[in-house]
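Each of the next two complexes has chain A plus one other chain: chain B in the first, chain C in the second.
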Partner chain A sequence: MSDVIRMTNVTKKYINQTVLKDISFAVPIGKIVGIVGGNGSGKSTLLRLMSGLSLPTSGSVTVNGETANRRTGKVVSYSSELGSFYPIFTVKEAMRFQASQFADFNLAKADEIMKLMQLDPHMKIKALSKGHRGRLQIVLTLAREAPYILMDEPLSGLDPMVRESIVKGMISYVDLNSQTLIMTSHEVAEIETLIDGFVALKGGSLLRMADVDELHESEGLRITDWMKKTYI
Partner chain B sequence: MDEFNASKPIYLQLADRIHRQIISGELKAGEKLPSIRDMGIKYSMNPNTVQRAYSELEREGILETKRGQGTFVSERQDHLVLQRDKLKHEQIGQFVHVMQEMGYSAAEILSGLEQYLNNIEKGDE
Partner chain C sequence: MRQWPAMFIKDFKLTRTVFFIGLVMNVWIAILTLYMGRVADDSLLMFVPIAIAVAIHVAYVPIMVFISLKSEGNHLPLWLSNPQPAFKLLLSKIANGLMMIVISLAFLFALSGLLIVPKFNLIEPYWTDTWRVGLFIFPHIIWISIQLSVWAMVIWALYQCLKLKIGRWSRVAVVGVTILSGGGDALFKTTKLYRLVTEWGGIAYKFPAILSDPIQTYAGEYVYDFMIVVGLFILTAWLVDNKVEG
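For the complex of A and B:
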């Protein structure tokens, strides 16, 4: 009952612009969920609300029964789309820094993921390519043993090789017995085999929340086909 | 490896693929399958989906899970023979249905198939 992220009638406004309108859904532990939709559909805002980094204008967001706020970071491992690293740090230093910020950061696990991602621990972050920054983001986010892992566009703008290694990292290091991974994506095809279910947004409204298999069985559609049908 | 993207749920596509590997002998009776996580990593697939595929095949008696040891191809060969026949029947059914829809007669299908198979045989030599 309580191990769940729950949004209830959530609306988010910035001055006079409504970014999210009356969103309600819940995600339990043990799932990989995609938040999908076009640019400006409210995906990133939704993720920030779930991680407690932003507060709803009305409605409620609860994580494990508690209202999401700054303290939610203890149970939510969040990574933003652009990543926020200190450029003068090396990869290793970034890992140590993350360990100093979060009690659940597992350095041994981070080392393992770093090796899988083929990152050089002595490289300075400012010298890393976009693909390597994406990989570092995976290391820093997945090495936390937090029940909820929220990633904003972890695959966007990366080449297929990097995407594949990131997907493999996710499957290897997210433990679905005790964790849930929620990620945003504007390219559904690349996460289709990875997700259990999806939350589709359009213009800040919830279009649909469904199981990928359920969609297949009830309507004979892949999620990409469904999206084409619905969004065009 | 080819993609999972036909008009069927992904877990069923994976189940079909494992099934075909057993029928073809690529996976032998009694052989251990990769763990759910390793299978997920191999196909970049959600472990929950792999679990569903394994469960589906267990229900059909094609796989069996031994507690604490993993998932294995069933030792029961009689079952496999039956499955092999069933799969053959399904595939032929689909093929014949499509051919008939396009207006081919039974004789045309038969001679066409014979010719096709003969060509494959020649190609092999």
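For the complex of A and C:
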């Protein structure tokens, strides 16, 4: 099976620090997967490795059967936690630029999500608040019709009042017949009802990968409760 | 809009402020030239500010490329996740620098020319050689500037590769590599092998009204420099595609 992101015995070190240790799992198309874990557990690094923007120290990461590298961006729509934008652009210009660079960027879909996110298309990005930058990040990431959508903490910076509606809106723009959404979040409770499966990390090691239903059946626990039980 | 033109426009926007500041500085240089023309006894002295400004342009493209790359470094995942191959991303930055240096030099020459016209009688004996020197210098400044910009790219890419591997030592390593490669290049240029490789297709540029000796160049030197630049550019593109992490 080639339509899958596969990690095989992946270890990642930065200078002398081991961030991920011997991680192996695969995520097929058609899933919404949450990567959960405490601070410094390696969630963001794991996502960057899947996107090909980071390279494993040992082991291998493949996307659709090909070794992940920077050019994996063709099939992976990735958004980083800190938000990456060219501040020289307005919201509309940023969308047009993405459309010019990615063949799978759907400008009409981006317009639709932009309206849902209540963003002013003429606003300069450098003038946007942190929350609105987060919304723009969601627009730019979800408007791509790439098979894999990777979002690092997409909910951080969003107002708690609008978070629920934005999360629901986000999911409605993912086509599970042809796409997989993988996201990290500290707000496990808020995404639990939306995700099919989860990858739990602790200290850079894979603690568990399972379907949410499987966890409910085997342990009778929600992810949040299981994490409290396991991590503490 | 197609991929590369959109990338080129984005890269222009990243450095346009510095570009416009440069043009304003050119206006000041032209005003200084006019002033020197009025106060100096030696009519050639009025060319000193222009000559300095033109010479400084060798640093123009590397500065523009470095500013652009530094700006990309602030949001590296965004730049690296672009699906275009690295050579296209890097070429866009060099092309921007090239466009800007051509405009800046042309603007400087044109502005100075306009100011010199009323004083033409003072420089008339040197005029033919003056514009011929200008014609000689113009492409050479641009070429040297592009060579330096490719070196700036290699150093930037090397730093990006090393910073996640050896941390703070990456700066020391990059400085070391720069000194060693610069020294190695200078040393190689003193060898017989270098002369053997490059000293063919001699061209002597004569400017008798300004310089007593002709400037001797070789086609082989241009070919050698071109090959080094292409090699370094390919190395940089490979580093960005395969080793730089976002």
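Here are a few things to note about the model shown:
As a working rule, the second predicted complex is superposed on the first by the 229 of 232 C-alpha atoms of A that agree within 3 Å, B and C clash if a C-alpha of one lies under 4 Å from a C-alpha of the other, contacts with A are read in each partner's own complex, and residues count from 1 in each chain.
The rule we apply is simple: a residue touches a chain if its C-beta (ideal position, glycine included) is under 8 Å from a C-beta of that chain, and two chains touch if they have at least 3 such contacts.
Model, not experiment: these values are computed from the prediction.
For the composite obtained by overlaying on chain A, chain B and chain C can both be accommodated side by side without a clash.
Seen from the CA centre of chain A, chain B and chain C lie at an angle of 160° in the overlaid model, rounded to the nearest 10.
Once the two complexes are overlaid on the shared chain, A:159 sits clear of chain B and of chain C alike.
Contacts of A:70 after superposition: chain C is touched, whereas chain B is not reached. Using the contact criterion defined above for the overlaid structures, shared-chain residue A:217 touches chain B, although it does not reach chain C.
By the touch criterion defined above, A:54 reaches chain C but does not reach chain B.
In the superposition on chain A, A:171 makes contact with chain B only, not with chain C.
In the superposed model, A:187 makes contact with neither chain B nor chain C. Residue contacts after overlaying the shared chain place A:88 against chain C, while chain B stays out of touching range. Set side by side, chain B and chain C differ in how many residues of chain A they touch, and the one touching more is C.
Contacts of A:31 after superposition: chain B is touched, whereas chain C is not reached.
Taking the two complexes aligned on chain A, the least Cα distance separating chain B from chain C is 28 Å. Those residues of chain A lying in contact with chain B across their complex are 30-32, 164, 167-168, 171-172, 176, 192-196, 212-213, 216-217, 220, 222. The residues of chain B lying in touch with chain A in their complex are 4-5, 7-11, 37, 40-41, 43-49, 52.
Residues of chain C touching chain A in their complex: 1-3, 5-7, 10, 13-14, 75-78, 80-86, 164-167, 240-246. Against chain C, in their complex, chain A makes its touches with residues 14-15, 48, 51, 53-55, 69-71, 73-74, 76, 78, 80, 84-86, 88-89, 96-97, 100-102.
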